[in-house]
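Order of writing sets the chain letters: A, B, C and D. Residues in each chain are counted from 1.
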Amino acid sequence: MTAATILKETTHVPVVKVGMMKALVYRGPDKKALEDHVRPDLSAPTDAIVRITKTTICGTDLHILKGDVPTCKPGRILGHEGVGVIDQVGSAVTAFKPGDRVLISCITSCGKCEYCRRGMYSHCTTGGWILGNEIDGTQAEYVRIPHADTSLYPIPKGADEEALVMLSDILPTGFECGVLNGKVAPGSTVAIVGSGPIGLAALLTAQLYSPAEIIMIDLDDNRLEVARKFGATQTINSADGKAADKVMSLTGKRGVDTAIEAVGIPATFELCENIIGPGGTIANIGVHGVKVDLHLDRLWSQNIAITTRLVDAVTTPMLLKTVQSKKIDPTRLITHRFKLDKILDAYETFGNAAKTKALKVIIEA
Amino acid sequence: MTAATILKETTHVPVVKVGMMKALVYRGPDKKALEDHVRPDLSAPTDAIVRITKTTICGTDLHILKGDVPTCKPGRILGHEGVGVIDQVGSAVTAFKPGDRVLISCITSCGKCEYCRRGMYSHCTTGGWILGNEIDGTQAEYVRIPHADTSLYPIPKGADEEALVMLSDILPTGFECGVLNGKVAPGSTVAIVGSGPIGLAALLTAQLYSPAEIIMIDLDDNRLEVARKFGATQTINSADGKAADKVMSLTGKRGVDTAIEAVGIPATFELCENIIGPGGTIANIGVHGVKVDLHLDRLWSQNIAITTRLVDAVTTPMLLKTVQSKKIDPTRLITHRFKLDKILDAYETFGNAAKTKALKVIIEA
Amino acid sequence: MTAATILKETTHVPVVKVGMMKALVYRGPDKKALEDHVRPDLSAPTDAIVRITKTTICGTDLHILKGDVPTCKPGRILGHEGVGVIDQVGSAVTAFKPGDRVLISCITSCGKCEYCRRGMYSHCTTGGWILGNEIDGTQAEYVRIPHADTSLYPIPKGADEEALVMLSDILPTGFECGVLNGKVAPGSTVAIVGSGPIGLAALLTAQLYSPAEIIMIDLDDNRLEVARKFGATQTINSADGKAADKVMSLTGKRGVDTAIEAVGIPATFELCENIIGPGGTIANIGVHGVKVDLHLDRLWSQNIAITTRLVDAVTTPMLLKTVQSKKIDPTRLITHRFKLDKILDAYETFGNAAKTKALKVIIEA
Amino acid sequence: MTAATILKETTHVPVVKVGMMKALVYRGPDKKALEDHVRPDLSAPTDAIVRITKTTICGTDLHILKGDVPTCKPGRILGHEGVGVIDQVGSAVTAFKPGDRVLISCITSCGKCEYCRRGMYSHCTTGGWILGNEIDGTQAEYVRIPHADTSLYPIPKGADEEALVMLSDILPTGFECGVLNGKVAPGSTVAIVGSGPIGLAALLTAQLYSPAEIIMIDLDDNRLEVARKFGATQTINSADGKAADKVMSLTGKRGVDTAIEAVGIPATFELCENIIGPGGTIANIGVHGVKVDLHLDRLWSQNIAITTRLVDAVTTPMLLKTVQSKKIDPTRLITHRFKLDKILDAYETFGNAAKTKALKVIIEA
């Protein structure tokens, strides 16, 4: 980096650089702390250092804190979502320069390996979901982003940066794993099982394809109420165990064209099996901890597809266009806002969503 | 039918018509008989009566005989495959006339309902797989074919009719459920679990798309030997329980692009789960009697698809072209030939395939 | 038809049947007349007779009146759009019965031929666009519909029948030839050249896929004003010959992803060639009377596609769902209403659209 | 590059490095020379220097020599095909190291820009077809390859390197622009207009999809003879102006499913327009110098697609697998071999193909 670019950088970030920063650190199951941490450095010519301006917390972060994600070791800075400003770039980074405002993809992709070339960034041989998992993440003042040219997106002038934080992970996840994999189409009938943030992201993005019906299923009436506001045409509280019957009744016994599983437990997957119509698709988004029963004795002849996907975040540029053209408004998912030094409160709020009605929380660095 | 057409018909079938025929009748679990049976009549203006010239036995017929197919009641004439000659047509049949040689699709389709219009003939609301199941079938001298215009295909002059018997069911099944659903593509790596007739049909038709590798897996060395002759690039006898390891080793630990399940039991489906690579497809052909374990705890992030399908036989005209142009030779599946009055011997031979090495048997009426 | 069904019919149509009806008859170039005409009869077991309740006039009808459509001979009753009530059905019709309210597709399809099975109803070997062209059409009190089961659609209870008249032709045409062929997608940039009824139908249905930008181009400011109300994000009056420059400027010199040609003359097709971006699609809807210049010297390397299509009306059931679920409102295309006995006024109004601002006119029989 | 890697390199290339090399240089229309030229150096961290072992001449090189390619300036080293050995790599190159044997893609791609991410490498904003055009090419002892990680492919052990030279350009061009764009499918009917090297490459790769018929059309009986050996099922010499009639006759007046234009002049494109069947695709490969007539007055209603494409070479890895698994043998295209110091003879031979019967010539460096 030349003196000129340092100078330019400085004008964007007029804080004294002391080499330390605040960061939310995973300290083993059920333990986390907001700590002073050394700021990251460039370690490859394709790296960039991004100063975080806004980040958020994902359901996956809660999974890590439960000890469910063995690849994430104690000492790791959490977080894989956010927007920020380029602080430094390696010598091989050509798409960004210090001072550029950027959206951070939850998925790091080299753009070169066999999987990246197929658009399967999630399985990049030197990337994938590593941020806040195998390498330090975004719940901090600074983060190192490997393969910066293909893992960051420029933020258009005038864009609402809070909206864009939703494009790091939750919107592409709902869209790619649920809507695209589920082949949602104009006039089709969709059921979404799970009306949490990820189910709602699927609900918002499903409407880009104008299905005729979107049936939202959950145990929580508050979340179903939110779903109705977000565009669900029908809502079903599944607490009485009759959700499948109700869906079959709503669809004239045909079943749905697309069933999106947005919870991740055997019961919700099985509900999808019970409501899918001939020729339909069950699109799994949920992160499952145990196996499920697949009723091939009934489904072998039903011409269905079941899909799984770790988000590739390959649609982020496209979703950015739909946000910029106001086809979807992802800020509707944002319920709470915190400063970085109150991130422990943010976790408390996000972790008690049933009580706090939290969907996504914005954390400002 | 006018006198003229009767006359014409007569020149084709110079037998005395006494209104009775020979037929293989299901008489309840483990019981079947070659009986004298009343010949079928037209019952709707869209029906045709076909005089069978050649038919065959399907693995599904054995399932029926075990009592596994509750829709098939005792008294039913079995069989859903075959070629023959049009004997009579209803008033609304426009595509065929008496004397025409025809290929019978195992799937009856009206061509009008929502499913037929989507090409999902298997779920035709007034058809589907009904022949030799819900209505009398083809293992007889005559058969009534509903929706004749859309359930029969004209046989081109000079075609090998034995080859075409393979187009009633087994070839479209291997091709549609295995190859098309499995997205077999030039250069791809395919594993087929099960080297019986249906797995071999998938093997033959997979080669229409020039995959780089086709790995065939079975417990029977004889069938694997056949598979090698039919074009498998690798064969694995799975008796030692190490098939998954071997496949992973053959694929540089990547797994296969397509895994075709052609058996129908939990162990073989699970093998498919263990060898499928990221982004791959498990295409189920097997008729399953019980549920299987789906390891979503591992597969949720692997970007895979699992597909099921009852053959639609929608590709029959296309397969006919590939047979006529000698791209595939389905007669390779034919191992034995019998006259209709020896059909009980044919069942005996087909039912003891491990010993007789039978694949498909031709029954001449 | 039995006495019972006549009775039932009668309760729907309590008029004296004298075997004659009013009809708009083509009498050679520039000549047409509202005449008394013999009512149609069933002529095949697959026919239905429909009593028209509402019809409309298409731009193609004006083409016929100019003498541009040689397949349409003098003496022909015009019209290929409309809704009505089933009056009689042939013996092979199973989907409809007298008294049923139906939507008439502009395309007649047998559902059996090679083209119908591929969903290319427009090229049905015994159908296609024949209504009001090769056989008598819908601008009359009664019409005979061949292949009734596959050429009519049931009208759902409570549906707005005026809206459905738009589903006979104009909406599927804009959607299939423009939007589907043009691969309109979420976030994409679309230009529609021609803001007449068909361009506006493309505009309405393009929004089912949530493109980011829809640029509408026409010579008539009034029609562009309508386009803005219908959802165009940009409008360009091309009178100054600078439309291509303006589109390139609006797209950052990239060109559009989809250019829909909805006029049918060389100049408008050439405009599409000048604004299409690399990897884009020019979807032709216009009915062309002369050849156009294709600039392959520039376009050979641009990875584009050019598509043509006579509407197949294969998406009519799907569009019906989007109308029923209020995703699109086709009644916005309706500007004028007439009784059948004033159909000559309707032609006058529709034929002078620049002055009358007519888009689609409803004719009530 | 460290001393160690230099040493390793040296063992592969045991020649004295004097900084100069032989190269074929374009000197303006109709002028070329084999010259001593300075060896290329790394100029970006993503560059590699490749020592050429085998290259070839493309029809496009002849176009350049006619002065038809204004982007190629005098002084340019020609050639965009070849295989070689990595000599040096920039600091950001991670996929290759000195000594690696590599296949050079004719298309340079950054892997990062919007077009590369869509798989449209041909329109890479900092690459595309630049080799031997906007930057120095491969008809030399050494070449600089920008974006090396995404523009080179590793050569598998034991591969036939002459075969792989055909994967730089001609095979992917025939396959992507002709076969893939043309949607060649099992059982379909294909016509290829032009039986030169590129038409023959389309013929070879079309067979990966098992079409039923491939009709080859050319003016040169020798080339048609070659086509028959390569798998054409029919050949037509179009000298008598009756090629269209013959194709229509061969296809029962239906026309072909795919017409591949592999010449690049108005007459051959028009022939494609005359033989394409309803629902078919005209896939243009030819490099056109002037506009063509598009008969939309006839084709507007024929549901056809016309596609253009500059090869993206995005299928090179897949084609490599089909070559390695012996599904296609591209060495059949190679007719002559020369040493680099005889490259002027090679041009002479390749430029007089009608006389020399040359298809592709191998030039060994």
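Here is the rule we use: a residue touches a chain if its C-beta (ideal position, glycine included) is under 8 Å from a C-beta of that chain, and two chains touch if they have at least 3 such contacts.
Being a predicted model, the structure only gives us computed values, none of them experimental.
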> For chain A and chain C, what is the smallest step count along a path of chains that touch one another?
Replying inline: 1
> Higher C-beta contact count, B-C or C-D?
Replying inline: C-D
> What whole-number Å value describes the gap between the mean CA coordinates of chain C and chain D?
Replying inline: 44
>> Distance between chain B and chain C based on Cα centroids, please, to the nearest Å.
In response: 42
> Multi-chain contacts in chain B: which residues touch at least two other chains?
Replying inline: 317
>> Under the stated contact criterion, what part of chain B meets chain A in this complex?
In response: 115, 118, 120, 122-123, 264, 269, 278-279, 284, 286-297, 299-310, 312
> Okay, in this complex, where on chain C does chain A touch?
Replying inline: 185-188, 207-210, 212-213, 233, 317-322, 324-325, 327-328
>> Touching residues of chain C toward chain B in the complex: what are they?
In response: 45-46, 91-92, 94-95, 111-112, 114, 116-117, 119, 149-150, 314, 317
